[in-house]
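Both complexes below contain chain A, partnered by chain B and then by chain C.
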Partner chain A sequence: MPQTARSEQRSFMTGNEVVARAALAAGAEYMFGYPITPQNEIMHYWRRLAPRYQRGFLQTEDELSAGFACLGAVLRGKIAFSATAGPGTVLFQEPLSMAEMMRLPVVVIVQQRGGPSTATVIYSQQEVTLTCFGGNGEGLRLVYSTSSHQELYDYTIKAFHQAWRYRFPTFVLGDGYQAKMREALFLYNPEDRGMGAVPARPLLGHKGSNGNGEPQLHLRNAFSVEEELAEILRKHLADFDEAAPYLEEHEFIGEPGANLLVVAHGIVGRAAREAVEELRREGKKVNFFRPLTLRPFPEKALQQALANSNRSMLVVESAQGQLGSLCRLASGHEALQRFDTFYRPGVGITTEEIREAVTL
Partner chain B sequence: MSERSMPRCWNRESKPHRFCPGCGHGLVLKALGMAIDELDLAGRTVFACDIGCSLLAWDFFTFPSLQTHHGRTTPVMVGLKRADPDQIAVAYMGDGGGYAIGLQHLISAALRDDPITVILVNNTVYAMTGGQMAPTTLPGQKTETSPFGRDVDATGIPVKGPEMLKAVVHPEAYLARGTVAQVLKLKKAIQKGLEAQMAGHFSFIEALSTCPTNWRTSASATWAFLEKEMGDYYKVAELMH
Partner chain C sequence: MHSWKVVVAGEGGQGVQALAESLALAAFRGGFEALYIPNFGIEQRGGVSLAMVQISPKAIGAPKFLLADLVVALSARSISRTRQYRGANTIFIYDSSLVKAPEISDEVVGLQAYDTIAPEAFAERTAYHEEGPVKELRIARSIAIPAADMARRELHPRVFNMIILGAIVAVVKMVTLEQVKEALAEKLERRFKADPQLRELNFRALQLGYEQVAGPVHTAV
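So, the complex of A and B:
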């Protein structure tokens, strides 16, 4: 089989192509997809590339089917994924909830579009709450938020590894801008960087049917009494808490004694980083924090960053406080000096606008 | 139940089963068990059941099984079959899961000729949720959401699933309607369905079944409703091209 990427191959492509390339490089074996803008080209590239690498594709009747078919494939040990956006992400909550309950490592790439409902096909950061807590449960998911094509490649690959290692459904949260714009990045084979294979194995099957961990013979999703459910949830929640320190990732720029912490994620994080760097070059005491995992949220790291920033923050996002709520929750018991917000639901945010929103 | 009458592939540890007295699910699952025993498929079958009464079968067999809901049992089996074509995939659901909330999956799997076997239990009601009207509720039949009898002018006519699917399936797909009143005939239909799957085609068997709990019928009235009223509307037959 041909290699999915030459070693450290400099490339220039759209984010959607990056995702398809990353899924191939990670060893994903099957994509079940349904058309929705702005993620369509992930399917297009995957469908064209898949036969060369003996990978599978099925265009399903809807996102429910795409999600549940992924779960069926995952149950037999296949590395399966899908991609969606907006109303599609809403439909994905049903299979994703089952994945939480049964601990099925499905990966879904979300290229956020404007909401609520049909809204725009262009861009937003309005699918944060939906990806983190959209199911009828406790949000037992991993959610990565990327800010560049290099991160889109790195974290799509990582999503497959972490999903199967910890057995939680995993989202990679991009957006319409990242999906459609072209940018330079390095493609690589994960093996060349010392990454092993994704630890996939059948989760449902006859006893003794595979050596690497016994599959379950009977899996259910319904419980007769409260205590039965409480017991299994206690275990899932404990697993999630235990894994959190190994999963949480963030970026911080700054040092103690600053007056303000600018917090943003995804592509807005990129504009915010640039704004903070400019302000810092001008001698302003401003720090920068970007969560790379929205779920689990890097709570301790945010609290440390706030301690270095006079417990004052400015949250910037292309949504009406979805990241803001996560930040408030994660900021700890001690009162904040300031909680400023710059919310632009469904609209892009520039470096200049963020500079203007910073008041010291 | 004696060893002779209990299929070999039934999981003894989960017996007696959890269905209500007089429920037909046990007979459908017996027919399925006998068909799997006869074809010697227990070693490579995966069974998936839906929400509602069918979920009580989540550990019914000796082979791997799982449970989901809303007729999504069909796409789960579609995904599993594509991931591992050597498995015999059986999706088991009620008439609500298959004909209402999950109908798009059933029709799409039939259109694609996905090599899976869907067994749908038609007892004319949503049973686990307390006896609401189903797509299969007969004209005039009283349920919790049709307390004055099903009004076909307002709610449409009962769905004939195999007949509907006949319009979209591949010529070599297998479609049939059986009944728990004729278990051996039902077993034969399921067997042919499994054989169609092994030949690479979609198969669908609707099983007419009983629900005395929600019908609020005596044993004799239950059987009369199954054989007479249901049997008159829903013809037991193979629907081949």
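So, the complex of A and C:
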């Protein structure tokens, strides 16, 4: 496979280009997509770069088709992905529910825009619930929330690996700011960092153990008996719980004895981290927690962070409590001392605003 | 100053985004952390185009901010549009050839003509919300550059934004004219190749703007 990046190349580009380059570096073979702002340039860059590396691209007639085309490619053992946003993420739910049911490792990059409906093409963090739990099922998905171009590159590559390793549909949740802004990052070839190839292989068409081949997979999407469904879901849920400790990731800054834990994810995490670091330099006892996986949510890590922060938290997000709900659920049985919120649905949040929102 | 938060605003088509991108790219090439973010959305449909650039020796936090160290306005409308980013420590560069006299004085900026409301102002910002008539804040320094007039008279109307960029470089100082020239050459490679005069025109405009702030620069021939 021709190398897609010179080793450790420091570059300055938009987040959308970062995603296209990460997908190339990870060895993605096909992108199926339908245009929507603010992810369009992922498609544009991919379409421009893909032919140089013998990769494929198809613009489908809508997001449903893009999603199902990904499923088809993945069944054939091809590393496939798509990218979408806002109303597109809504349309993606049907193929993604099927991917959950059949455990198909599709990767989707979501660049959140304002909602509900068409709303803005700009930015929000309002697609958290949709990305984690948008299907008619149990949210058997892996969701990474990135906060910088470096993470966008690292975790887009990782998404392909984890999707195929654990066979859950996997998301990289960015936003319009990350999509459109330019900043520096290191591009690299995953092999140079000791990462092997994405463990992709055909999921259908095996000869079966009777023919001395791999056992055939029986991937079902429809059941005639309740108990049949229950049995397979039990297995999927058990797999998800078993994998969770290996999948969960978070960032924590702080130490025991703090008065407050500021929690934010994605791009808002940058503002929150900066605010907390400033306050800490001024001697304030504030800690910082950022879930890097929203699904599975780093529950134990959050509880530990809360134990170090007087069980008091301030949740900051560009949505009306979507992260807040996840945090409440993950905070454990013991009552919280404080649950403060700074919710700005559909609007960016600055460091200065978070500093003002912190009361000790 | 150890880092810069810059807001650039103008009409769609004035080259606001290209200007801001080139500044950020030059800072990146100069070894600094740099972050550029456009305010995209309505500007393609006739609104004010706005870009934010941060330059720092350290990792950069949030991509957007409330108050800028430097605000640059390329049109009359963008003076009022950027008002919210100007505080007591802000330096303000504006194209004085596009702005009517009463709209600007060195002490008080943008008294008149609030013909657009900044979209950001729709969102409630608890800490900075003001009731009643809005008072203009004093700012640190105001720099008037008649860029459009200068470009028309001395170079070509289309490079007026490069005059402004030259002035920005003279204020920001963390990037050099040479780095900005390299960034422009990188960004406009194809257009410069197609029309070598364009390259010369842009570089002369940069120099002109720079000298408006820093005074004449004698370059070795």
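The rule is short, and it goes like this: the second predicted complex is superposed on the first by the 346 of 360 C-alpha atoms of A that agree within 3 Å, B and C clash if a C-alpha of one lies under 4 Å from a C-alpha of the other, contacts with A are read in each partner's own complex, and residues count from 1 in each chain.
One rule holds in what follows: a residue touches a chain if its C-beta (ideal position, glycine included) is under 8 Å from a C-beta of that chain, and two chains touch if they have at least 3 such contacts.
Not measured: the values here are computed from a predicted model.
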Clash or fit: chain B against chain C, after overlaying the two structures on chain A? fit
Touch test for A:Ala271: chain B only (first), chain C only (second), both, or neither? second
Once chain A of both complexes is superposed, is A:His218 in touch with chain B (first), chain C (second), both, or neither? first
Please determine whether it is chain B or chain C that touches the greater number of chain A residues. B
In the overlaid three-chain picture, which partner chain does A:Phe32 touch, first (chain B) or second (chain C), both, or neither? first
What is the C-alpha-centre angle with chain A at the apex and chain B, chain C at the ends, nearest 10 degrees? 120
May I ask you to decide whether A:Arg344 touches chain B, chain C, both, or neither, giving the answer as first, second, both or neither? second
Touching A:Ala184 in the superposition: chain B (first), chain C (second), both, neither? second
Just chain B (first), just chain C (second), both, or neither: which does A:Ala238 touch? neither
In the overlaid three-chain picture, which partner chain does A:Ala307 touch, first (chain B) or second (chain C), both, or neither? neither
Please work out how little space separates the C-alpha atoms of chain B and chain C at their nearest point after superposition, in whole Å. 29
Give every residue of chain C touching chain A within the complex, in rising order. 21, 24-25, 28-29, 33-41, 60-67, 120, 123, 125-127
Touching residues on chain A, where the partner in the complex is chain B: 29-30, 32, 56, 58, 60-62, 64-78, 80, 94-95, 98, 102, 204-206, 215-222
Which bits of chain A are touching chain C when the two form their complex? 12, 38, 120-122, 176-177, 180-184, 267-268, 270-271, 273-274, 344, 347-353, 356-357
Okay, in this complex, where on chain B does chain A touch? 11, 43, 46, 51, 55, 58-59, 63-70, 72, 75-84, 87, 104-105, 107-108
